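Okay, so subunit A shows up in both of these, paired with subunit B first and subunit C after.
For the complex of A and B:
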């Protein structure tokens, strides 16, 4: 009997620790990083990190945070526990978005002003290569099988397929105007690309590297110019994808099998980037101009809470 | 006089009211159509009007139709309260209430039974409305559908008592139009049913003050919080006190020796 209780309490304790995830949000205007406990629904603290922090990533071992402080032209490495700076990476000019490879040893950075993508070796803290891409590169992603990384250039309206072995462009594909975010599915079979100006989501087949489907977003009662898709994430089972619709203040729920938009959920203003909770039961959104994040309960597909975090929340990552 | 008499009289009144409600299909439909028209037509036009602020009990941004739902529940109860006051006038004119009034049971008890009957009808209407709203994607946490019940009873009683009070003033059925113009509409529009207080404050501070002290607003807020499983103490006290005042005044109004009936020469 005693053992039963012990097991019960152990499970409870384990549950409690599993649920104790932290959400990290970069605050572009506050030059700071917000730490949020999403289960309690509370902002825990805000720490200064440097000028204009935007892109953020967490290492696969969940020990380091990488933050692009755009106005300092650097990517900072922070210890997740202490939130103190433990290193810097040379990122090139004005880093905004970047992506980590699955092993967590390389970082790919978009340098918007120079039309470059910088490849950084994290251990050596050195630039491995700079690749010239289209004008204003923004979205960047590495495939989970580590074969490809893609960069989307906003002005050239292209997606550049780059081989991770050679760091050379293999193919350029024209996409809808102002491509913003790119994301591979977990099985590395598809690439999802959002177009800010056309208000669309394009699905590209990785084998052929061509667009296989374009989804146009519509929100009842909103004019098309308000619908500007930005951040995109897809769940690991490839059942549903989620797209932040910018000034439409909504997140679109997309069936990843049929490519139908199942629902649009109202969140804060100018929703920008998205991140899953580790168990993928919740989705966190950064709402740029309402200065908060929204929490979406994915099982019930409802927005449960919005929490004020500070000025211009931009990027978001979650630590289990 | 024993408890059985009381019990029988109360169930007689409640049963009659419920039966009347169920058999009068037009009344059932019209009671439902009114808030639904507001929900589908009026609220649809302002869908994103509130996408800017978060006020309790809400924890995130909501669409206007979600905001207006508790207000429309209040509207159902407000109209129902007034309608049962209308039926009081009717009953008084047609005789059934006159018969009741001469029964040996105390008058306050008969009035309370009448009030409970009206409240029961309004709660039925509210739940049907909530079911329709659910299919229109207006969802509250499931506990909310239970915790709203005590709030509905209290707010139904308060608005019903107001109706009773008014009915003690009304001499004839025709005067009900006056109640519409001078009671229902101002009460509904100058409340938090349609717009939150902060929004009203932006355009008119006096209006927001009136809305704040309007007992109907407090009833709506009590319902709003209860629908999300929360208890709004201020609203509860306000509605409860308003109920006591309206009820006691109505009982006085129906007292043949002192009340309004005397002044009217016994309707």
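For the complex of A and C:
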């Protein structure tokens, strides 16, 4: 009986997701993954994935999803089509955020409770190395040219530059308080880092590894301490970057050439993480406390829709 | 689902782990600055308690300071700073001033004090203390932040006025506008009752009745019937607000009032800087780290001492100096932002040295709200809707 339904739903799901792009959102409090059709503007389904799912990534070939189920201390591998678990990676304790390298064969995980970054060989499902970093590492990113990966530690307030060949720290840069997310530009020339407590975005030059610009966000009508930048993405052509401002309920649009804040767009409550559509014409935001995602039309710079998805949407990835 | 155990590969992984950790040691900077911090407290007499549910905690505060030192040093090792904590516990019958003169005076710039208000008052005006920066993690007295404020002292626990305002904001939001105030007979209870009266006036709430609980504290006698009789009033009220800081009778009130009314204040729904039910904004991580170290929950004084030591770390790391005047100037500046696991960045009120911070409103097993409550606005930061704001402050050390 149950299986029949499952097959039925799977076929439905396959039909629905086969052509249009799909947005996958981890639901921290529902222990589930939401699958959304952003073109139709509909939540297609939610599937259970394990306890407290947060970080999520999709493999470069778009076949596998990686999901950190933090309370199970594991990263699960799901088949994108069936959304069934096909494997597990040893992530170390309390995995929250992680990053894939461009080849998609290595995964770098922040272990927040242990002040460690774990390097995992995906094919072998083995830990290659653990690197001691600052207290409460969170944001993590690999440069598109695969030379660097960086880890930001929230309590130590540092960005640790780690060489991908040696897996050794090369430099530690003090940044504004409670750095959250880190993101390289597509040309691997800059690293963008958000600071939750200072309300800033810092741009670091990859060559010198130093801060070259700090942008302090302001929103009319909001006190400074409500503006807590978290997720950050930059478009492929390096024209614009977007920063989620957390409890300010807004996404800032930044000119990536002049570093001016062009606009702030009102989205859902406690906006957390961001992801582009494959054509980069839309931006999807997870809104932690309003339990929805917002869709931003980037050509017109307007929020077009919000879709209820479940409790505490956290991470977001898009499959073409 | 579990992979088969493959012994050689585990050994390889372990070797890699050891290499990994050893390797990254080279990323650490050479120590070129040592920052010494002293922590002073006195052993406490075990107070009478209502039940054995909550064992008396002897080392409230100091473990928080030690956790702070660990975190400071994690940052410090990357940039060549080393933080040391000297823990000094004065015996019950010991003399704090004498211990200060002998062990701390002229040896330290930074002193964390977990002392009573009267002990702190004696200490802060000593000539040697005037040359130091003192981090008060033990008092909640408004007087020490107003008339008796000192420019060499920073306060980390929310004052009574801040707590009362937090409770009043919540009661206002709930429209519990008529209070029945029940006050214990100890001096602290009167101080908290005064803070509550100030808040009621500030937020336009009405105290319809006030009574002092001066009955016997012996539960075996007539507590249950006593509370029933005690809470019979002519006027109706929305909420019973209790001021019993030592916890000598407040726990008896809930469920025993003549008419069913919630209890709020020092028992029931209480205002606190930290609580075991608090998990948001990364708090779960520090709760875990603390429990691993202390094998108990983090108490308010631990949180305050953690923040004090972290504030020293943050300021010396950012200013890259150990020069006291520069460190202090930075701490009191607008650039200072301390991560305190309560959503907002924490900073000091430049007019009285009080750490501005959100206040948790917690029932024993549930975090009910976090003040400032939404809707209470302030031109600079909503955190300053709690306690004495700049225009109200009676502290004059800025004009010294």
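Here is the rule we go by: the second predicted complex is superposed on the first by the 301 of 320 C-alpha atoms of A that agree within 3 Å, B and C clash if a C-alpha of one lies under 4 Å from a C-alpha of the other, contacts with A are read in each partner's own complex, and residues count from 1 in each chain.
Going forward, a contact is a pair of C-beta atoms (placed from the backbone, for glycine too) under 8 Å apart; a residue touches a chain by one contact, two chains touch by 3 or more.
Fair warning: this is a prediction, and the values are worked out from it, not measured in the lab.
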If you stack the two complexes on chain A, which partner ends up touching A:237: first (subunit B), second (subunit C), both, or neither?
-> neither
Could you look at A:79 and tell me whether it touches subunit B, subunit C, both or neither (first, second, both, neither)?
-> neither
Partner chain in contact with A:136 - subunit B first, subunit C second, else both or neither | second
Subunit B versus subunit C as contact partner of A:220, first or second or both or neither = first
Can A:302 be said to touch subunit B (first), subunit C (second), both, or neither?
-> first
Would you sort A:267 into first (subunit B), second (subunit C), both or neither based on which partner it touches?
-> first
Who does A:205 touch here: subunit B (first), subunit C (second), both, or neither?
-> neither
Winner by number of subunit A residues touched, once subunit B and subunit C are compared | C
Which superposed partner A:249 touches (first subunit B, second subunit C, both, neither) = first
Please name which positions on subunit A make contact with subunit C in the complex.
-> 88, 112-113, 115, 125-136, 153-158, 160, 166-172, 174, 176-178, 196-198, 223-225, 228, 247
Can you list the residues on subunit C that touch subunit A in the complex?
-> 1, 3, 9, 13, 16-17, 19-21, 23-24, 26-27, 70-71, 74-75, 78-79, 282, 285, 288-289, 314, 317-318, 337-339, 343-345, 378, 380-383
Subunit A residues touching subunit B - in the complex, by the definition given at the top | 41, 220-222, 249, 266-269, 290, 294-295, 302-306
Interfacial residue positions of subunit B with respect to subunit A in the complex = 47-48, 51-52, 54, 59-63, 139
